[in-house]
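Can you read through this structure? Questions will come right after.
Read from first to last, the chains carry the letters A, B, C, D and E; within each, the first residue is number 1.
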Amino acid sequence: MNDHLLSLMTFFPLVGMIVILFLPREADRLIKTVTLIVTIIVFIISLPLAFDDVFITSSAMQYTEFANWISVGQYFQMNYNVGIDGISLWLVLLTTFIMPIAILSTWHAIDKNTKGFMALALLLETGMLGAFISLDLFLFYIFWELMLVPMYFMIGIWGGQNRIYAAVKFFIFTAVGSLLMLVAIIYVYYFSVKAGVPFENGFSVAHFAQMDIPAHLQTWLFAAFAFSFAIKVPMFPVHTWLPDAHTEAPTAGSVILAAILLKMGTYGYVRFAIPLFPVATMQFTPFLAFLAVVGIIYGALVAMMQDDVKKLVAYSSVSHLGFVMLGVFAMNLQGLSGGLLQMINHGISTGALFLIVGFLYERRHTRLIVDFGGLSKVMPVFAVIFMIVTFSSIGLPGTNGFVGEFLILVGAFESELRVFTVFATTGVILAAVYMLWMFQRVMMGKITNPKNEKLKDLSAREIAIMMPLLIFIFWIGIYPNTFLDKMNPALENMIKQVKGKQHIAMMVEDMDQTVTQITVND
Amino acid sequence: MEIIFFYLVALVAVVSGFLVIRCQSPINSGLGLVNTFFCLAIFYVMLHAPFMAAVQIMVYAGAIMVLILFVIMLLNLGAEARHRYTKGIVWSSIASLMILANVIFFIKRGRVTGAEGDITAFAVESFGHTELIGKAIFTEFLLPFEIASILLLVAIVGAVVLAKKEV
Amino acid sequence: MISVYHYMTVSAILFALGTYGVLTRRNAIVIFMCIELMLNSVNLTFIALSSHLQSMDGQIFVMFVMVVAAAEAAVGLALMITFYRNRDSIDVDDMNLLKL
Amino acid sequence: MENLVQIALQNVNMAAILPSVILTCFGMGLLLISVFLPRGTTRHAVWISMIGLLVTGLFVYTGWGNPQYGFNDAVANDNYAAFFSMIFLFAAGLTILMSDDYLHREGYPVSEYYPLILFATAGAMWMASGTDMMTIFLGLEVMSISLYVLAGFFRGQVRSNEAGLKYFLLGAFSTGFLLYGMALIYGVTGSTKLTEIGIYLNAHASLLDNPMTLAGLVLLSIGFLFKIAVAPFHMWTPDVYEGAPTPIAAFMSAGPKAAAFAAFLRIMEYCFFSLKPEWTAMLWVLAVLTMVIGNVIAISQTNIKRMLAYSSIAHAGYALVGMVAANEIGYSGLLFYMLAYTFMNIGAFAVLTLAGKKGEDNLTLEGFSGFGFKRPYLGVAMTIFLFSLMGLPPSAGFSGKFFIFAGAVDAGYIWLAIIGVLNSAVSLYYYLRVMVYMYFRDPVEDYAWVTLPAAAVISIVIAILGVLYLGVIPGDVMELAKLAIF
Amino acid sequence: MYDKLWLIPFFPLLGAIINGLLGKRFIKNEKIIGAIGTGAVFLSFLVSCKYFIQLLGDSVKSHQNIVASWISVGNLQVDWGFLLDPLSALMLMVVCGVGSLIHLYSIGYMHGEEGFYRYFSYLNLFVFSMLMLVLGNNALVMFVGWEGVGLCSYLLIGYYFEKQSAGDAAKKAFVMNRVGDFGFLLGLFLIYWTLGSNHGVWTINFVEITKNAHLLSGDMILGTGVTTVATLCFFLGATGKSAQLPLFTWLPDAMEGPTPVSALIHAATMVTAGVYMIGRMNILFAMSPTTMFVVALVGALTAIFAATIGFAQNDIKRVLAYSTVSQLGFMFVAMGVGAFTAGIFHLMTHAFFKACLFLGSGSVIHAMHHALHHAHLDDDAQDMRNMGGLKKKMPITWATFGISCLAISGLPFFSGFFSKDEILWWAFSSTRGNMFVWAIAVIAAFMTAFYMFRCLYLTFYGEQKTNPKAKDHIHESPWVITLPLVVLAGLATVGGLIGIPHAIDIAHIGNKLNAFLAPVFQHSQELYKIEAHGTASTEIILMVFSVAVALAGIFLAYVMYRKNPELPAKFTAKFSALHRVVFNKWYVDEIYDALFVNTTKKLGIFCWKGFDVKVVDGVVNGVARLFGVIAATLRHTQTGLFQNYALTMVLGTAVMVAIFILN
């Protein structure tokens, strides 16, 4: 069982999808129920991972599976090589955890082509899980691209007014980046072959990471990877697909997009770009950190002025993920674990925010802030939940957001990115500004629009959707060690390796300079 | 003497070729083309390939040209309209001249390999050109020959399918 | 002495003439004739080379070129007839429905 | 002199041409049978040609790994030829399956259609297996003439006439160049046999910078590049594909293109391996030009068939990248890609045949509005083909592109690979637009959709299976492709 | 045995959760809700008392209680830990004590409000946060409380969420606090990083920091000492929380909340958190004379600046609010001149008298509100111009209010006298003191006395200006309201006796507070030579002088508002421009709006409409459109004309051949 736990978890949704395809098209409720059950089963399958203490002690990959998949003579070998460590563990669990919630949120929201939606959602889950557990770059790429398609259709078919533009923009943005990454992947592979890595290892990340790629090559390769991931994150200035995609996507789509898909980008940096190209990472750090900080402030400023709640939340994601990137590029334990934790936090908080916007939209079929106001009066339970989520997003101590942001900022401050940290910290202020302003305009004040007077408070189902998220908001806020303890060994190991290589590279450079100087002096 | 004759024939060939592209009436063009064919046949003879010259006359001038003229008649095509030439005449001229320049250039600068084979003029005279061709075609080039038959079959079927009036 | 280059030059001129004709004439049949002119110029090259090289291959090739020319003539003229039936013209400028 | 006459028929090796001979026999038999059947019956033709293709395929299959040469080196039935033959057979089979109902719908239930496809396939096989210029040339002509006829097959439709005539005139024109090239090469080397040419050129270094050799190389290439539809010799493609009957457009985009590649690659590799730097440089430029032109113009198309024609130009560009790479991976990637392209493109065209009604009015993007929901199964099929054409995993298109670009990267053509992927990015736009219409828009009018004919469905299903098989487990076929190259 | 310290914050948290979750649906009864809320805080008070007494008798004065690990990442080890030392113990007493009273008061004050349960839940949550702030043994737990009180302040200010102004005020409070928090975090990072990377002490624990702070003395950053930069950052945090210049504007607006909230949060506890924080980190501040000077200066300027605004306000709560800002300025002066004990002392006495003042004003407002409501009038229940002559109607309120006014003005033997005097003495004579600061502080003290008595006279004396219809409905408040008033007034009266200055300590009671807090402050004061030196006679002279100043203020108020009530109007008429400026709070809000709020908004709009839409999306869509245009252009090469196609082929061929041959 344990030997194939990851595969089982990853491909079970695919099985579910096939089952769905055979269900009659009209059986709306049945399809939803089956999908929900499938996602819950996947969650249950993944639960043993959460309770496995091996991650606390070991930084190695666990639950690994290895099988030869494609092999072409002495040219290629692509392997089905999967496994998780502390870095991917929580992202996998986040995925399996968010999916049932997202499905549950569609109960009333999706009423046309339910079958298609559910099938796509399950396909998407397979893609996301696969991407998180892949240890082979080729395999990762396959899953990475596989995620695109369902999301494209989710936005395009079930989206809002401007859905076509958003869907196409989403697709092309993401694909453009990943195509360049593909070239880089191929290049790295050939480099590894020439460097003598046995080709049986295929595109194994672990083996790639052990190579010494010359600095000038690293620069280009890293640029390709980084560009691809930056689009997915999304980092300033390639973020503009995000507001459109989020705004137009159906609630479940936004939730999945925000909670999980965006994490692919940051995860990609942590898992692939940085370990593979440590020297280039060093060169790019100031630049990427700069973009991250610009993203933080810029995202916040733009979010502040939005008149559409969903767009506001979308821009807030730009800001939040700027924090994550800053933490990641701090390249120390605090920063990285903060970044990783913040990924989960963002998944939970922003996921919750999108659900909340979805609730509002289901009731009023508008997302414009001006259409609301004073909802606290008629929807007290909603108000409380909304407020908690808002403050979690702002990063109030005691909620998850704080721990992540704090760790990121501490980490960044400890690293070379000190000056950036100062600017990044202003994001803390701006977050409060735009979130609270939005909250005030939506929930406070008098009810000005008569349509809002009769709004129903949250139903039991909706509360049930939010409850798990709220629990985690506080859990991570109050006792994040549950999560941090399992991340740290893997991160520590990674930092050690990366720093070691950077150190060697710097020494070599110093030596070169000395040599040049000596030659010049002669 | 021979060279003068060559130039004469060449001149006729080129002028006839020029007539093909210059004449207003397709019929005249066709006649120009036939003239060229004849000139080429003369060249073939000069090149010790009398059988090819015969085939040239029979197949090209006799069959293909007749077919073409027949179609011209069938379609009752008179002289072309005033605008014989399409608009891109300048570009066409440039392109053709470029082709000509290129070709002349590589003929001038290029080098054909020296004689290597055993089909000398003497061999042709002693065995007969036709026999040599026949032997080659049925031994060495048997497969292309067979394929050519299929080609003709395809052409016939195709022509029939296309040209007949009702299904 | 007439060298192979003489023949090739003549053939080149004819080829270029054929090309020019193809590029400028509007009547499809004349264009086809120009193509035939081009093929013939190639034939001349082949036979000149064949004679020069004292190998039969070139002449055999010419045979096949003739076969091909005949076949193309049959099919091509059939196509022109069908086109003429529908458009009442064999001007290539009238082949203008399919574009952009 | 006696020995000259003594050349015996000892070199006749029927095994070397067995598959194509069988196919031709089936074609001729079919012609004969059709004479005795009433006009308008075509069902038997489908059956017979399918059986013919299957039998041929069987012989191709048994011939794998057992190369046969014969006819004085005029033909080589090696793995390379076998691999390409399989591509042609698949292309022909899928085309025939989707044709029957279509022809009836369009009002041309003519049984000669099928033998012509079979002959074209046989011609393609000769191109792939020919090792003599003459074989290749005649194979090319057999294929081309069949296609001229097929392109203009709807003789009552002026568009079809126009397509046929355009294709014919341009094809014959390009034949002139091809022949000129062959003549020059013959003049330089004194032979028409590929191996001999290669050896001769390799042995005489002075010939390598002989203008005649180079001019011959270029002019020879033109003939094939025309068939492959490489810019700037691509311009016939959109017009002909648009005007030709849809199944024929499908066939042309896959079979003949692959055949031209087969012959081109073999000639380049057999004859001009000593000139590799020169012709790879030439193809580098052409590949880029082709990809860019194909992809960019496709953006502005509103007719799906025409859009697919431009996309086929672009795909020719991708495939050419494999040739530029000129290494094992590039070549086998090219072979793989042609097979993959056969499935995905013919599949897409097959869906198109079913999307319309009589008169093919429904080829515009607008006409596809809501197609995905009106015709869910066809929609899914089209989606799969389009994603494969885009090159998204796990599909044949992705694997193919991966191998080809891998070859380019391995050969050091990183910029070419980058240009290639950027072009795929451009291509996303127009492929996605089809899907936008299919799924994201509501139908404009309720269309009189045709019922799904079994044969066409089988064709689509085979194409889907092919796309997925080559996408998910490309290893086996790639292994075969690797064995197939020289 | 100090291992049950966590109980102190736990009770209010429990109360908050119970009231918050069950209050609306299940408990409903106001009395029970109120009892739970008050009881929770009172329980905390009891526990605090127990530990306070225990600490008094203990020789070790610093005790930590670590409940669990919170964040543990490599070097960074943060615990959920509590620290009990004299400073926090004293604060506990103040917070729990005053907190309990205000809870009790609230039962009466909030009677009949719709969100009664919500109110008590928030209030308990606030006490919880405040206790976390006070008790935290490390900067991060303190920060939890620090932000927590901000949150509760937000919630309570926005308690009447249907009022636009309440929502605005709440948001403003939170954002301004966040600006402070920004500083706090940066300071924290700086200390953590410098201590860690330069000296290998990775910690944010207060005890550890205090122990290792001396290591920082040589560290530099940005050309300045690390401690200076860090403490300035911390001080920025303090200005936000404690409403000092330049971040004070939220506090007056915060009066939108219910009055007990103002009493508890915006007078007694939360706003003093900045002072407390400086006290907690006194060693760091002591290390940097520059920061100390800045603190003192900002404190003094705030004191006088707020006081000027207090002159012209008519809203009774606003007067008190500005007075609070001003008094907080005094506390910062104390911290800045090194009079840590005095600062904390003033914090405590201020908690008593200011809470009492606020509650008193609440009592008045409550009564007014009832009366106006009864008479169906829309008059402002908080405007002093509608009051006057309430002395007779509300005697208890009047008495307690009056006592507190005397205390705040610093009349001898009231609590304010002792604390304020000590501050002035230190400002005058401390090694870190400064005549300038002292002078400003004295002027501020004069002004305080003036406007507090102005307030007292306007409210309770003279003729009643309330609308006649409502006049008779004004009654003294019920006992739940008056009891806390009495208790607090009592404390305001005698609370100062724990810190009798040496100079006038005739009975030789000793400065109990000084002795009690010595373990916290003595170390740094000795280490960095911070002491007040001067003779006892100087001290007495100064004392007399300050009392005289206070009396002068009171007298002026008496003259203007009691004796000649028409005088102020003349005065304002004469200096109308000045009055307008002062009345409008020096237009600080408007300036801030123009400078920051609008700039930020404009920047936001620019980023969105200007950059995001035009540049980024413009490029993206532009590229797409460019491709479209190129495609539309290129497609015209496909003319459909055979000859163009052939021409292209020939040209292509010719060019290719030419290139090949020429190469």
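The definition used in the following text is that a contact is a pair of C-beta atoms (placed from the backbone, for glycine too) under 8 Å apart; a residue touches a chain by one contact, two chains touch by 3 or more.
Just so it is clear, the structure is predicted and the values come from calculations on it, not from any experiment.
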item: Chain groups still in contact once chain D is set aside, others held in place; value: one piece
item: Given chain B and chain D, the chains that contact each of them; value: C, E
item: Of all other chains, the one whose Cα centre sits farthest from chain E; value: B
item: Comparison of B-C and A-D (more C-beta pairs in contact); value: B-C
item: Chain whose Cα mean lies nearest the overall Cα mean; value: A
item: Distance between chain centroids, defined by C-alpha means - chain C, chain D (Å); value: 25
item: Chain centre separation in whole Å, for chain E relative to chain D (CA means); value: 79
item: Whole-Å separation of chain centres (CA-atom averages), chain A against chain C; value: 64
item: Whole-Å gap between the CA centroids of chain A and chain E; value: 38
item: Per-residue overlap in chain E, given as positions that touch at least 2 other chains; value: 635, 638, 640-644, 646-647, 650-651, 653, 657, 661
item: Multi-partner residues of chain B (at least 2 other chains); value: 86, 88, 92, 95-96, 99, 102-103, 105-107, 109, 112-113, 116-118, 132, 140-141, 144, 148, 151, 154-155, 158-160, 162
item: Set of all touching chain pairs, with the criterion as stated earlier; value: A-D, A-E, B-C, B-D, B-E, C-D, C-E, D-E
item: Of all residues in chain C, those that touch chain E in their complex; value: 19, 22-24, 26, 31, 92-93, 95-100
item: Residue ranges of chain E touching chain B (in the complex, touch as defined); value: 641, 643-644, 647, 650-651, 653-655, 657-658, 661
item: Chain C residues within the chain B interface of the complex; value: 1-2, 4-10, 12-21, 23-27, 29-30, 32-34, 36-37, 40, 43-44, 47-57, 59-60, 62-64, 66-75, 77-82, 84, 90-93
item: Complex contacts: residues of chain A adjacent to chain E; value: 169, 173, 237-240, 243, 298, 301-302, 304-306, 332-334, 337-338, 374, 376-377, 380, 384, 391, 396-398, 402-403, 406-407, 409-410, 413-414, 418, 421-422, 425-426, 428-430, 432-433, 436-437, 440, 443-446, 478-481, 484-485, 488, 492
item: Residues of chain B touching chain C in the complex; value: 2-3, 6, 10, 13-14, 17-18, 20-21, 26, 29-30, 33, 36-37, 40, 43-44, 46-49, 52, 55-56, 59-60, 63-64, 67-68, 71-72, 74-75, 77, 80-81, 83-86, 88-89, 92-93, 95-97, 99-100, 103-104, 107-108, 112-113, 115-120, 132-133, 136-137, 140-141, 144-145, 148, 151-152, 154-156, 158-160, 162-163
